[in-house]
Amino acid sequence: MSNRQQKHKEHIQAFSPFRHRMHEIIFEAETPLGKWFDIALMFLIIVSVLAVAIESLPGLSENTKHALYVLEWILTIFFTLEYVMRLYVVYRPIKYATSFYGVVDLLSIIPTYLSLFILHSNSLMIIRALRLLRVFRIFKLAAYTQSGNFLVKAIKESIPKIVFFLFFILITVCVFGSVMYLIEGGREDSAFDSIPKSIYWAIVTITTVGYGDISPTTGLGQFIASFMMIIGYAIIAVPTGIVTSEMVTGRKEPDEVQEVLAEACMYCMKEGHESDAIHCKYCGEELNPVHNRIDNKEDAL
Amino acid sequence: MSNRQQKHKEHIQAFSPFRHRMHEIIFEAETPLGKWFDIALMFLIIVSVLAVAIESLPGLSENTKHALYVLEWILTIFFTLEYVMRLYVVYRPIKYATSFYGVVDLLSIIPTYLSLFILHSNSLMIIRALRLLRVFRIFKLAAYTQSGNFLVKAIKESIPKIVFFLFFILITVCVFGSVMYLIEGGREDSAFDSIPKSIYWAIVTITTVGYGDISPTTGLGQFIASFMMIIGYAIIAVPTGIVTSEMVTGRKEPDEVQEVLAEACMYCMKEGHESDAIHCKYCGEELNPVHNRIDNKEDAL
Amino acid sequence: MSNRQQKHKEHIQAFSPFRHRMHEIIFEAETPLGKWFDIALMFLIIVSVLAVAIESLPGLSENTKHALYVLEWILTIFFTLEYVMRLYVVYRPIKYATSFYGVVDLLSIIPTYLSLFILHSNSLMIIRALRLLRVFRIFKLAAYTQSGNFLVKAIKESIPKIVFFLFFILITVCVFGSVMYLIEGGREDSAFDSIPKSIYWAIVTITTVGYGDISPTTGLGQFIASFMMIIGYAIIAVPTGIVTSEMVTGRKEPDEVQEVLAEACMYCMKEGHESDAIHCKYCGEELNPVHNRIDNKEDAL
Amino acid sequence: MSNRQQKHKEHIQAFSPFRHRMHEIIFEAETPLGKWFDIALMFLIIVSVLAVAIESLPGLSENTKHALYVLEWILTIFFTLEYVMRLYVVYRPIKYATSFYGVVDLLSIIPTYLSLFILHSNSLMIIRALRLLRVFRIFKLAAYTQSGNFLVKAIKESIPKIVFFLFFILITVCVFGSVMYLIEGGREDSAFDSIPKSIYWAIVTITTVGYGDISPTTGLGQFIASFMMIIGYAIIAVPTGIVTSEMVTGRKEPDEVQEVLAEACMYCMKEGHESDAIHCKYCGEELNPVHNRIDNKEDAL
């Protein structure tokens, strides 16, 4: 064990039982209290997201606006306290603060404070919706069962192939977009007035979205657009085929699936430890030293 | 057997043969008469749905309107009688009245009566279309064969995974919608005039529907929209992969498939009993006590 | 062999060698001449379809119109002769005349004659495009190889399941369409001005086509539309899953695949006979009696 | 070995070591320098494509236009030198010049020179984007691993079946397009003003793009359009099923996969040689005679 790790371990063991307990409630979803905390948090985040969305509606009365303003500040103060608490109880504050959830947690409280100085910046609060991704952690035990597990694995393994496929699509839309710019762009009042816009049109078309804000008007343009649509229609089969074949194949190896702990390592913040793990498989530190300490005490009695 | 069950059984055994026979015709599709009843009912429902649809067309003559009005009332009275009959012959009227089909049956007759008091409420009659779902019961014997059976099973098993996936999509559209509101919303006459509307746009885009009633006009907006479309194009592979892999895998276990009775338990209204079942697998009551009683009588002769 | 069959056989054996030869050329794609005839026919059909399409363009010069008019008549007369020839050389004229291709062949020559009496009826000539489906017969030998065979089988087996699925979709769009009519229809100038039109909108939406000619404008309408799009996005997985699972499963039983003759039975017009078949598997008549007669002659020499 | 081949071999062996080395850098991605050259080239191509795209934007300042003009010429001169170098170091200049990449390389420099004579022709420079397809060669080692290899194979095997499917779609859109022309085309100001345009609409609809620039307005037209959308929605399952079943099946035969060289045969320009190949499997010539010669020299020392 390195000197830094040793020092870090001492730092954690010096935590008060209260701090350990708060860590369990805030960061884990294993205990009933921890689960309730997460569910309450989800609820408040949803309320907050709805408030931001409603506030943006035109034609609200002054009273509603005021109520939403107050609600916004109450929730922001709560989330600020929660963020400070998270920093206080976490075993590695810097690791947490720079993790995905740590950054999202911070970003979701800043906009309200910013709105004191900059107008409309509170719309940015919608980033709070990203905090809802934590829901996957709460229901992790359910999702990481036999089937859920192979699903996530199949999607992960599909990503590099799909990225390659999207790169190919990107070249295709660049070429088609430019061709359409040459064909349609010359005319007065044509919507194809630049190559980037024509590429935008090509993406709208090949993905079969088809807004219709830009659409070919010449015969030749319509012919090339038709050709492109049919290509788009046929190649949508490729990503589907990739994901499906990964899933079907992944399924056929139903190797022993371990139940997964809904608990992150308190040293490196990584999740996904199996239920019989005592040490973190990423950093080697003990998982749940508090529990273990308590268990040991009970053993000693 | 509990006291309540005992009482219920006595209640059913006290049914007149006529009532038993009507039960068989109305609720079952096993006998020729029962099948004809169901087919005739389907036909009347389709006529009724078409009548409601036609009535809503602008520019009808007074005569047509009157004819449709009469037809509507005739059908409603028939459906009302049918509903009363169902309540009379069913073994557990409350269970039926609160089941999905029971509620739909009731809701499909109320609007006509309501239209005496409230204008235009008869458009709600279209809810009768839901009664057509019964068609699956009529053709159940055909559909629940080897392949149909695993199909329904595969779809059912896919639903929780797809719900998780849709939750992820929902967070994505909230974030993208709000970002577009910030980018596009500031301009005069922009269609992105509130966050809910921007989220609506994001859903229209990610599902590749693309009405074009709202579409980005700034370069940055179009860039982000392009990004989103490509994401939508790639991730449509996920639900498809889920369902397909369920189907392919489900198929590989063609375990013994039992023929399924087109007959509901007359105590708990549940369906899907295997052809050799004598007792309901859900509530334990005897299936078809009338048939059995008759059979027993015949045995006794 | 029944009396009618006996009579029919005698009728065929009375055919002149020329008639037998023409039958081979026109109806079969086995011999080089038969293949060339089919390819030439395909070419003329494409020319004819293009001519009809070009004729409909606005702003053509009088000269072009006249040239197309002449071309149209030349091709029609050729197709008429071909049709008469088909009737003459086929072994069962009535069977051919009432078969799919027979009806298409007739329908594709009528519009030109009709245009002498009724204006614009020659646009119906486009039905000639359906004759191009014969291309599958020409290339049948290639397509009916191991993989092509199981593909057609997989699609055929998927159809009943997909029809059931589409029935479910139909009920869904009826209900959603009517709900939208109630929500959006009341307003002045709303595009949802009748239930059929609202159902049309629902189909446009659930299939993710999304023209945008009709789109919800109220908040509630947009909310329900969003809900519907997400449903449409998720359930597109169902038909895909059905077809794919059929294909994957069908593939796993690569039982002995027989080469298939590109030749129809000359008695019952049915195709798909295996290469070693001597008698039609549908009607029991001898396949290719001419070839056999010639072969027998050669054997006799 | 033929006389021509003999002559060609002598021609290559007469190459200076510098020429051999340049060949390695420019045409291969095996050596570090060769890889860096390819990456730098990709970067310059992207810069060039972006420059062309930006130049097409309306409302650029004169300074920006001038800077882009200078950049364009610098890059074109560099690409010209690169093209000349390729011709110089390649073992079969004509083979290269007429290969896909050779033609693309030439086409991507011509437009700039053409723009001296013809206005706006420099938009054609966007064809440079096609050069980015070379990226697959750089990352080939990664892509051609076990999974990537079977992916490309699965897609290739799907193509003939999908082409057949698209042919079927083409006939369908022709027939539906013409029917819609007959139904909708007669009215004043109808968007269905010719058969080709109606076919374009049918393609826009069946592929679920749905711009909405052309959409049916009559009841019958909307009914037929609905029918077509539902068909399009159901049959998208076919290409997906084809590709997926190819992928799932291809996967099940994970036969020994050879590492693939990122190096083209210098005689016939073909790629995809296995890592232990000494001779090109397409033309039989020695692969990498320079390496071998050097190796032999080292052996001799």
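Per-chain numbering from 1; labels A, B, C and D assigned in written order.
By our rule, contacts are C-beta pairs under 8 Å (C-beta built on N, C-alpha and C of every residue); 3 or more make two chains touch, one makes a residue touch a chain.
These numbers come from a predicted model, not from an experiment.
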Check: interface with higher C-beta contact count, A-D vs B-D, is A-D
Size of the rotation, in steps of 5 degrees, that lays the CA trace of chain A over chain B: 90
As a test of understanding: of all chains, whose mean C-alpha position lies farthest from that of chain C? A
Fraction-based call for chain D against chain C, same above half, different below: different
How many Å are there between the centre of chain A and the centre of chain D, using C-alpha atoms for each centre? 34
Measure off the straight-line distance from the CA centroid of chain B to the CA centroid of chain D, and report it in whole Å. 48
Touching two or more other chains in chain C are residues 196, 199, 208-212, 236, 240, 242, 244, 248
Chain D contacts chain A in the complex at 49, 52-54, 56-58, 120, 123-124, 126-127, 129-130, 132-133, 135-136, 143, 147-148, 151, 154-155, 158, 162, 165-166, 169, 196-197, 199-200, 203-204, 206-213, 236, 239-240, 242-244, 246-248, 251
For the chain D and chain C complex, residues of the former touching the latter: 157, 161, 164, 167-168, 171, 174-175, 177-178, 181-182, 185-186, 193-196, 199, 205, 208-212, 215, 219, 222-223, 225-226, 229-230, 232-234, 236-238, 240-242, 244-245, 248-249
Report the residues of chain B in contact with chain D in the complex, numbered from low to high. 208-212, 240, 244, 248
